[in-house]
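Would you mind keeping the following structure in view while I ask a few things?
Chain naming follows the written order as A, B and C, and within any one chain the residues start at number 1.
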Amino acid sequence: MKALQSILLPVAASLVAIAIGAILVAALGYNPVSVYGSLISGAFGSLGNLGNTLTASLPLIIIGLGIALSFQSGLFNIGADGQYWIGATAAVWVGYHFTSLPGWLHMLLCLAAGMVAGALWAGVIPGLTKAFVGAHEVITTMMMSYIAILFARYLIEGGPMQEKGYIPQSPLIASNTQFPYFTQGFARSQLSPISMLIAALAVLVAWFLLYKTTLGFSLRSVGLNPRAAKYAGIRVKLYIIIALALSGLFAGLAGAVQMLGVDHQLLDGFSSNYGYTAIVVALLARNNPLAVVISGLFFGALTTGGQNMQIVSNVPASLTNVLTGLIIFFVGCERIIPQVIGWYRRRRSARAQTPAS
Amino acid sequence: MEPVLEVVDLKKWFPGVKANDGVNLTVHAGEVHAILGENGAGKSTLMKVIYGLLEPTSGEIRLFGQPVHFRSPRDAILAGIGMVHQHFMLIPALTVAENVVLGDEPGGVRFDRREAVRRVRELSERYGLAIDPNAKVGDLTVGLQQRVEILKAFYRKARVLILDEPTALLTPQETRELFNIIRALKAEGVPVLFISHKLDEVLEISDRVTVMRAGKTVETLETKGATPQMLANLMVGREVVLRVEKPPMEAGPPVLEVRNLRVRSADRHERVKGVTLTVRRGEILGIAGIDGNGQFELADAIAGLLRAEAGQIVLDGRDITHLSPAERTQLGIAYVPQDRQLDGLVLSFDLASNIILRDFRRPPFSRRGILNRRAAESYAKRLIEAFDVRPPDFRRKASELSGGNQQKVILAREVSRDPLILLAAQPTRGLDVGAIEGVHRQLVRLRNEGKAVLLISLELDEILSLSDRIAVMHDGEIVGVVDRAEATREQLGLMMTGRRAKEGTA
Amino acid sequence: MIFSNPEIWALTLSMAIPLALPAVGGTFSERTGVVNIAMEGIMLIGAFFGVAFSYWTGNAWVGLFAAIVCGALTALALAWGAIHVSADQTVLGMGINIFAAGLTTFLLNTLFGYNGTPVNTPKLPSVSIPGLDHIPYIGVIFTNQSVLVYVGIVLIFLSHWFLFSTRLGLRMRSVGENPLAADTLGIPVWRLRYLGVVLSGVFSAIGGAYLSIGILNGFTSNMTSGRGYIALAAMIFGKWTPLGSFGAALIFGFSTALGIVLQGHGVSSNILQMIPYALTILALTGLIGRSTPPAADGIPYEPRR
């Protein structure tokens, strides 16, 4: 019953959002069925499209894991976007230095740099200030996120990572650090088997860490009841820092994977918003690492499907953001369900009592 | 003279609990009327009913002869009831004047601050409540904050003032000042209802006193003719103490020694002021005392959850004063905390996880940081069976269990760790009779096995029926330690109010 | 020397207004106890509908009015979720931000196509203050600024007075500090929280409209570019007071203006733009005068039954 409810709620929220989207589209004179049809075919219609969907899903999944982990530890890491970009920046920097290293080692070093950078970005300032002076992590991670993006932009706009060109950009990473793409099947997409492998590993690691290790046990205890955690001998402040650092680590890893697998360099823009969509991914998955895969795919499909929808049906891709926003709002309002049930019960019991009194 | 406030045969029943079960009370103009009773006697339920926070099951409240039915505190305020809660309803960020006039401010659109200050100043002069209307409430001492609450009541034209445990958080100096205020109010003709469990204060300040016990008002008498002994007897009653079968035991060597321990609570108040005590193998040492006298902070400090400001804690000959909670657990301290839902359990975890909550870092429950769920499950299964936890399913979340079964889970976890000493803080709070018996049996079994038990309870009956020795705590200090065989309820009742034992064996 | 050029001060003021207005709005919301991170989204709503109605009716003032109405309606959704449903206010705010970014871009492209809003959209007038604009040196600050700059300044001072000198303001603050205490004194907690949140919508929408029909006369996708979040920072840095927020917005606006003026002088505007965020973290950690939020900020209040 409880498990069923935890699946039904996100599904219901998504369906309501899709329905509202349909009304919006219809009101503007489009045919909702063909619009959503083009969205679905754009996401899954061919192997190439499916490849694009998977490519778009991977960063969402990896960041979403970290966010789920922070939520399970009772913390709201809203600044994953910045941690993602800091991880990407570190990976790119390492990627065009140390070119004498063997390719596989160089790749690993890039990934490690991304993870460390993301972990430090979330763990040091937001983590320490939360643990020791109680500064709210929503604000600190958000502020740090903007600082990260401005810092990365500075690096390629007149800073030490700038490469000559018409637009601000960094040098390309060494070609032997770039992940190879599928040569068949998904050939037309930028999907790499290595990225998929890393994402799959990340899911397993996150799941194992949360549910099978003493570290995860401690984190979840702190998230659910810090007082009981203290009573159980868990050092609450330490685990607050660890939780934020781990959360940043996943975001940083996502940045590194994206650089090595897709972008190969920092480019002006920094407007992927992966870090924000990933919050929705985690919320919709109710912070379960395995469910993050499904909700990550859902939002990845929304992104790629939206681009196809714009081309085929001439409906702007930003419709998918409307849907995303609505879904997050409705999932946020989940407490309406017990409230409605409670209200109904009270009404019934009030009616039952009235004749007696 | 017409009574100001009358309570007639008031009953307030909760499912399973008769919190008020026949309360009768008459307060006259110009008198200070005390309500005296132990914790759990039903005093605060009565206050909530009078103030419109709870609706009575039956009975009547009359104000100046008129029956009244309050649906919210607002109704009560409008009718002229002024209440000063034990926990103040103040807004620390605002000034005294703002707090007092809030909800009924002078001015039109604009808030006439000057007028507010003037009115508050006038009120404070009239009632002798010296205070700076422009001070920020958050910067005031507790005693001054209480004055703000009293001013709030009079600003709303209170015709009767109810003070709920008003001295609980005050220093002796502040208490004296409060009493002066109460006398001044009495001179003004304002009736004051003074709720307290402190004998001395009741004797000092009240004209008449009504004693409550087990939800009923027992007797109302003139304070002038009352003696402390008389009131103490009325307060604790003379019912037969629940007997627990307990073979005589020779207490062994000391297990826990606490020396000159000083502890501050989380809100930085010093709550334990130099406590020294010893618990031996094979004994239950009961700590009696009224709530808020430092006994729970003492337990937290022994368990390592609060830091010792000074003094020493020695477990089995080893100084553990500066060890972490985890290390103390490992060395053999088991702890049933006062608030089982807030401290003792992670309610959303299943029973298996809750049962290993204090040991998950150790084999067999984990090795090298990897949990062994199977070990946890088989262990949980065993404990659930042994302690008859219902439903017997380790996959259930702790939140799905009744209070009694939650407590069984905690006890099972703590007792089965083969500790040297068990700290049990209010282990039967809120449990039904059957569950209470079960908990008591476990404590005695532990003692019979030669372990030490430190039992902290606000229920004198529980202390009397279980303890081998009884230490009484008052205001952060041990007033005295007496053998159970020599202890009487009356003597303990007096000690709980801070009077030294006449022939204490401390 | 750059600072002796009064243009930078005029630019500072013009950059500060779209930060200060949503910051003051957020102050209203959080002072009554509802955490509001949705200023960015509501600004976008205000900016878009301001332009749309300005174009459709040919009257920028109608556009401003429409912006206010749409902003208030969006805030109403946040208020309902936060107050009636007791939902997580941060989650709701995020949802609104993503929704608003999507909706405004979507409507921009469906209603006006992909070439942007029409160039003949009317904008609100820019005015100089007679008398002040002729004062040497500082005159330029009050020359040819959007009318919303002056309206905004008046609103900010009015807000400060309202929050700290009126009866309603006192009650609103009490609700954000200790709703239970306020409730027992008969103060309608929920109604005042609705008022606070809706006011935040109104102010944020004006801030958005200032960008789209005050300075410019068109809407571009995500044109607020994070100002709603800087406003959040300004609100915190200004210690949850309207004048404090304005002061913080001026500091932040100055760092933006400096970035514009110093372009090509070897100082990175990116680094200058970090200042608001860094200052906010410092303020939260207590290194430069601790900022403490209202005591009941973010905590839903469920009245007794």
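By our rule, a contact is a pair of C-beta atoms (placed from the backbone, for glycine too) under 8 Å apart; a residue touches a chain by one contact, two chains touch by 3 or more.
Molecules present, by chain and UniProt name: C = ABC transporter permease.
The structure displayed is predicted, hence computed values, not measured ones.
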Chains contacting each of chain A and chain B, listed by label: C
Between A-C and B-C, the pair with more C-beta contacts: A-C
Rounded Å distance, chain B centre to chain C (ABC transporter permease) centre (Cα mean): 48
Chain A and chain C (ABC transporter permease), separation of their C-alpha mean positions in angstrom: 28
Junction residues of chain B, two or more chains touched: none
Chain C (ABC transporter permease) contact footprint on chain A (complex, rising order): 24, 28, 76, 78, 125, 129, 133, 135-136, 138-140, 142-144, 146-147, 150-151, 153-154, 157-159, 271, 276-277, 279-280, 283, 315-316, 318-336, 339
Residue ranges of chain C (ABC transporter permease) touching chain A (in the complex, touch as defined): 37, 41, 77, 81, 85-88, 90-92, 94-103, 105-106, 108-111, 221-222, 226, 229, 232-233, 236, 268, 270-271, 273-274, 277-278, 280-281, 284-286, 293
Residue ranges of chain B in contact with chain A within the complex: 303, 305, 324-327, 329, 335, 337, 342-349, 353, 357-358, 360-361, 366, 369-371, 373
Residue ranges of chain C (ABC transporter permease) in contact with chain B within the complex: 165-171, 173-174, 177-178, 180-182, 184-187, 294-295, 304
Residue numbers on chain B that touch chain C (ABC transporter permease), as the complex places them: 53, 72-74, 77, 89-94, 98, 102-105, 107-111, 113
